[in-house]
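Both complexes shown next keep chain A, but they swap its partner, so chain B is in the first and chain C is in the second.
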Partner chain A sequence: MAEYIELNRNGCLLQGAVSVLKSINGVVPIVHSTAGCAAQEKYISNAADRYGDNYTIACTNIIEKQIVFGGSSRLREQIKNTVKVLEGELYVVVSGCAAEIVGDDIGAMTKEAAEQGYPVINISTPGFKGHSFDAYTKVARGIIEGLEKLQASEAAVEESLINIFGIAPNLDPYWEGNLEELHLLLEEAGFKANPLFGYGSSVENWKQIRNAGLNVAFTGWGLEIARYLKEKYNTPYIYIEETALGIEGVEEILEKLASVRSERQEQIEALLQQKRDKYLYYLSKLAPTYYRRHIQKEVVVVGPTYIAAPVASFLENSFGQIVKAIIFTDKAADFEKENISKKIKFETFFSEDGKRIQEKIRELSPEIILGSQLEAGAAKELEVPLLHISLPTEGSVILKRSLLGVDGGLAFLEAYSNAVLTVE
Partner chain B sequence: MAVLRGKAPIIREKRLSAIGAYYGTVEALLREFYDGNLKQRIRTFSQETNSDILYALQAINSIENVVIIIHGPRGCGIIQNHYNNRNSLATQWAVTNIDEEDSILGSDVKLRKTVKSIYTENQPEIIFILTTSVVAINNDDVASVAQDLTDELGIPIVPIYTDGFKSKIGITGYDTAIHSIVKHLLPNRAEKENFINVISLNENKEGIEELKRLLEALGVEANVFPGFSKYQDLAKAGSAAFNLVVKKGEGDYFAKVLKEVYQTPEIEANAPVGVKATGKWLAQIGKQLGREQQAKELIEKESQHAVKALERYKVDRIKVYLSCEPEYANSLIGLLEELNAEVVGIKVPYLDITLLDQMEKLYRKNPELSLLIGEGQPYEQINILRKSGAEVYVGNDQAVGSIALEGIPVLDIRDINILGYKGSISFAEKFYRLVKYRGFSENFNAAPKPPVYQTGWLKKNTNWYIKQEVK
Partner chain C sequence: MSKKIKHIAIYGKGGIGKSTTTSNISAALAEAGYRVIQIGCDPKSDSTNTLRGGNYLPTVLDSLRDGSNVKIEDISVVGFKGVLCIEAGGPVPGVGCAGRGINAAITLLQELDLFEKFKPDVVLYDVLGDVVCGGFAVPIREGITDKVYVVSSSDFMAVYAANNLFKAISKYAPTGGAQLGGIIANSVLTPYAKPLINDFASKTGTKVVQYVPRSSVVAQSELHGKTVIEANPDSEQADVYRALAKYIIDDSEAAVPNPLSVTELRDWAKDWGDRILKIEADAASDLNANI
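The block that comes next holds the complex of A and B.
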């Protein structure tokens, strides 16, 4: 039996699925659920949405009659009309609790529309069956499998084409900037990125997934998809468990790329040298202020593992900050918690509960907090700055800032230093 | 207290002939109402919209020292983070986090555990339990948990039976919350005292401050609730001499129930938006309370200043599309007209018989005015905007982001105060800035690629997907 959660920050499987789907250009989610489900989705992600996102999500908003007698015909009608109102290349039906409990035959409705030539697929996502964090792999696999049925052309592998998996849209406030930074890095190294989420993404790119010469997987989610694609299309992959910030991240990515593409080794090494130079050049501008203003603070980092762990390592290893503790806010099984705690040298806590997190921060009494809008109360109480690194981040405008790569790493240090200096 | 029998009030569609989908003229709709031939319409294509749960939350989430428990799966109620952020609240809330096992085996044990633990840790004065679709469909027992724990813990554990599907009109959630508040928090009898109740469901802090300021200037003691109130404010509601509802359609059920239980009469006064309407509002209250002279003096003093201020914010003739709560429609049109704007169309989230007066007024002014009824549904809104020639959008609409893409500047009134003299002036100022300085909105005059809506749809009649409900 799952525990209750106070001041919850993480959404359900349905909301996570909508968050991921709406980040793909040309994909139109159709929510089959009661009113209110999709309307709350935007509060697990950043309030600044991609254009047109605001309350445009197609939703059946099922009512009592459809709960009692079944909502399949309502869904049929909604699918039939969605393909006429909303521009899209792929329509994905995702189902909420009510529709799943009453047992609507969602697959049959989708199949019916597909048989009439409409590109419609469905993914089962009842809220009580999972976490928003479970949505990324479920949706990615769902689309890949769904498109396979809809496309006829033969695969033709292009060696330099690369897919990136594991940077989850709208489950990380900096996902879009991070992805763009990685795409740029790949291009600079002579590869071709295949954007699957955010700016530049398209359904066509999803059809090209099987033609990639290499998959780059970040986090456990990325690894799951990469393994699946290895089995399915025999696409090789490289795995970067933790997306390091700053120059270290760039090094790891480029070195791993060089190890599987020996013919590009020279080019990649030259690029790496250039990146190191650039990073050091700008970092040196920070040195006088860093020393004169004593930018060495005790920090508590709050966020899901895939954000908080690399941020904490970067702050201590590359910026000399004192990480008092990391509070992980995503769902982790007990054995995973042990593994994570063993690997990380900082003190770690796990909680999704905003109240307990607040209490922990109070007890740790750091000089700066890195977390979400829900840590604002603790920051105010302790009179310390709060820097947003995890969701929700309502009130912060985050358009395409990144934490990754040379530019992202420097921007992060800039923001961190300014936060510290403003308070002093 | 016959009115409080039952777990929740009868839904608005049945009780008040509420409708949530319509497109046409004000005249045609009024005719349906009066001919007793009001058609219940539904959308055969719809976009996301708010449920009763989200409204019920708004009705209770600014009461001090309470904890709200959302009894449902983990994603339910997550919008409370946003409400806390928007209103600078630190309201404690929790979700029981119903998982697959609970949804099969029942969740009342879990609810009991949650309530007890929340009580021990937070020591609130009231615990609200909001139910969700999963709990409603499975028919989990919430009533006996609430009753048992009220007895055991000695504080009111108040169940609010929202479900997300019984009504198509989300605002029904206000009634559901009000029903439970009166039933569980108010005493059966009360001695009359010399203050009035001001019933506010979702006005922001600034708005309430302005109303309090005006009432104080009139020498009226106001007990404002449930918005930004305390348990004791709610508990003494039965003692008021009069009820005053800020927005009639939202708080009507509260006034009705209080009238039935405590025979409290109601002051009928339309929402004070704009100089004229604020004057009328004060005059009406003054008349009811025998303070005509004070009201007259106050109106004179305040409106002079306000009229002068508004003079500065007049714009060149401009076409505006307005989306607002039905109670604001006439007053906002009046205020916009004073600023030299012409309203070319209006959208309200719902309508019911409590708002017929407002509609009649609208009809007398402009029987042909195009009226859209719906909440969210930007696909209809964009379809209309393309045809209406509107140059500016003023509204409380959730579809603001979509409208901005049309290159139309938007005066979003969701988080600002437009009530009273102060509210009117600040509304006018923001409107003026928006009309005069359009640098931001002009970026969007190029259509987004790829487009969100299909050309075929944008050319169609706006009520293409609105059909009559088959009973």
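The block that comes next holds the complex of A and C.
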């Protein structure tokens, strides 16, 4: 019998694609699928995102008629109407399961709209082709390729311009704060960040991707795009496999930057020293409370690999916490699970099932849980604090808090310590 | 109590003659006094052409496309001796999903209470026989038809399509789907045709219910836009169809076939590839001996 999943927290490729697209200013997603596909994204991604309750997603709302006879003309009509009523600089048609099974020629419809002068592209994202996590690279590549067809101007590389890839919008509750923290760090190091998602992002910035002098890639997703851009535009890249929190993350990024930009080495080293000083200054302010109030706790971390693994490492290595286990919630193939478990020194479990995760937590009986809203039941039962690090985070407002950089790392330690102290 | 309506599906590879066969069965049954509905389940929507003398018939799916409040009268036409002709219809080739179309059309007919209102004795579904996806298997799934006949010639591709249909039947039969009534051997002409189809039938646990010879009477009738029963009622071919129709309406035998696996079918075909030349040669020498 197939395994059941209760309290699932992971969406499909289409949901992930909409989550990513709606984080880019000026981009209007058009969902070519049944009505529920457009609605479900709202419930999965962060409730505190900028759409809030004013949730407007263009959707073809296809019904049986379009399945039997094809939905291309419905899509044509929807594109025509959407460009009239929703303001945007780039319209991206994303396709759901039904339209893809039926084989609608979506490319022909977007090409037709583009020939009429509308900036419309399409990305094939049938839900059955993958998880929401797979959407980031699919969408990023799709936009880059789509814009290439629409823009005529020549590339002009600007050495100090940097793109950041791999921080996935709305698939990580802290994505926006994390990105902003990284942008600031790059600017302090004398570079110019090219915001592609969230605050400051624009379609124009996406057109500038090929003009960047360097790409900074985080996680496997970022690496995939960086490799693609290296091949396409010969843009060099640096790769940071795990997005480390706190000063360790800052060190890794700055050291890698210095290694490829020797002319800026001095400036970067000075910045690094300044960051270390700042970090240690504030950390030492926390030290008396840490020892006096015994902030060292046994913790269980629950979330997708790209969030849970670095959070657990940071807590143990930089904050002396005892990580009892990590429960990974993203869908990973068995060989990937093995690789991940080998790399990580903590005990690891993999589950997408909310109930089993709850049982596991009960068994581990930690003193604090880092996870999502779905772990609230376990936290209540064990009477331990719960800190949100992964989606869904219904009930807590996360605007631009970060886990990365000196400020992000310190804010996280602040929140962690307060959560522990409040209970005592 | 309402009488039991026989729902019978007739499948076969495209171009094998299943519409011709089905229409002639319908005509023969109607001639014998039965109330018959023939539903063409093929996007080409030409199943009932010879029954309705070329009268225009909007398809069930045309009405779905228009979104109008559809009535049975809008999507049916009374043809030869009262046969109610219906075409499911479908999308233009290369667009949409014809399989879902079959599903939608049959659902719509059920919603319209077609069978309760028309009160037929028998409903014949003429279905595109390659069963390329779930949609084309709808007529053999639970609650639609009781029995399936497959039209096949002795061409390997027709046998291959029949074997695929057997796979679909054996998949759905355990959950209440239709069972196989047998094979209608069509265009039987060459000396090896009968033994080849018989052998395939016995290998798959079924039987041949009628041999329909290739005949120019069929072509002539079709060119006049009529069934053989209507155009050449006194021909031998008409009697063949009458016998087939009688078998189908009287027959209660049905079974779940044992389809051949890909390798079994290939080996079987190879074996027959060797045998047919010998059968032809033997037939030729018999002929010479008789001269």
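Assume the second predicted complex is superposed on the first by the 416 of 424 C-alpha atoms of A that agree within 3 Å, B and C clash if a C-alpha of one lies under 4 Å from a C-alpha of the other, contacts with A are read in each partner's own complex, and residues count from 1 in each chain.
Heads up, the rule we're going with is that a contact is a pair of C-beta atoms (placed from the backbone, for glycine too) under 8 Å apart; a residue touches a chain by one contact, two chains touch by 3 or more.
The model shown is predicted, which means the values in this text are computed figures rather than measured ones.
J.: Check whether A:K129 is in contact with chain B, with chain C, with both or with neither, and answer first, second, both or neither.
T.: In the superposition, A:K129 contacts chain B only.
J.: Look at the residues of chain A and decide whether chain B or chain C touches more of them.
T.: Here the partner covering more residues of chain A is B.
J.: Touching A:T60, do we find chain B (first), chain C (second), both, or neither?
T.: Only chain B is touched by A:T60; chain C is not.
J.: Check whether A:G377 is in contact with chain B, with chain C, with both or with neither, and answer first, second, both or neither.
T.: first
J.: Once the shared chain is lined up, is A:P236 touching chain B (first), chain C (second), both, or neither of them?
T.: Neither partner.
J.: Per the contact definition in the header, classify A:F69: touching chain B only (first), chain C only (second), both, or neither.
T.: So A:F69 only meets chain C here.
J.: Going by the contact rule set out at the top, does A:V85 touch chain B (first), chain C (second), both, or neither?
T.: first
J.: Go through the superposed model and pick first if A:G320 touches only chain B, second if only chain C, both, or neither.
T.: neither
J.: With the two structures laid over each other on chain A, which partner does A:V102 touch: chain B (first), chain C (second), both, or neither?
T.: Touch partners of A:V102: chain B and chain C.
J.: Starting from the residues of chain A touching chain B, keep only those that also touch chain C in the other complex, and list them.
T.: 64, 66-67, 101-102
J.: Residue numbers of chain A touching chain B in their complex, please.
T.: My answer: residues 1-15, 25-26, 31, 34-41, 43-44, 47, 49, 51-64, 66-67, 77-78, 81-82, 84-87, 97-98, 101-102, 126-129, 131-132, 355, 373-374, 377, 392, 394-395.
J.: Please output the residues of chain A touching chain C within their complex, sorted ascending.
T.: 64-72, 101-103
J.: If you look only at chain B, which of its residues touch chain A in the complex?
T.: 43-54, 69, 72-79, 81-82, 85, 90, 92-103, 110, 113-114, 117-118, 121, 132-134, 137-138, 163-168, 170, 376-379, 398-402, 405, 448, 450-454, 456-457, 465
J.: Going by the contact rule at the top, pick out the chain C residues touching chain A in the complex.
T.: That would be residues 61, 64-65, 67, 90-92, 95-98, 100-101, 104 of chain C.
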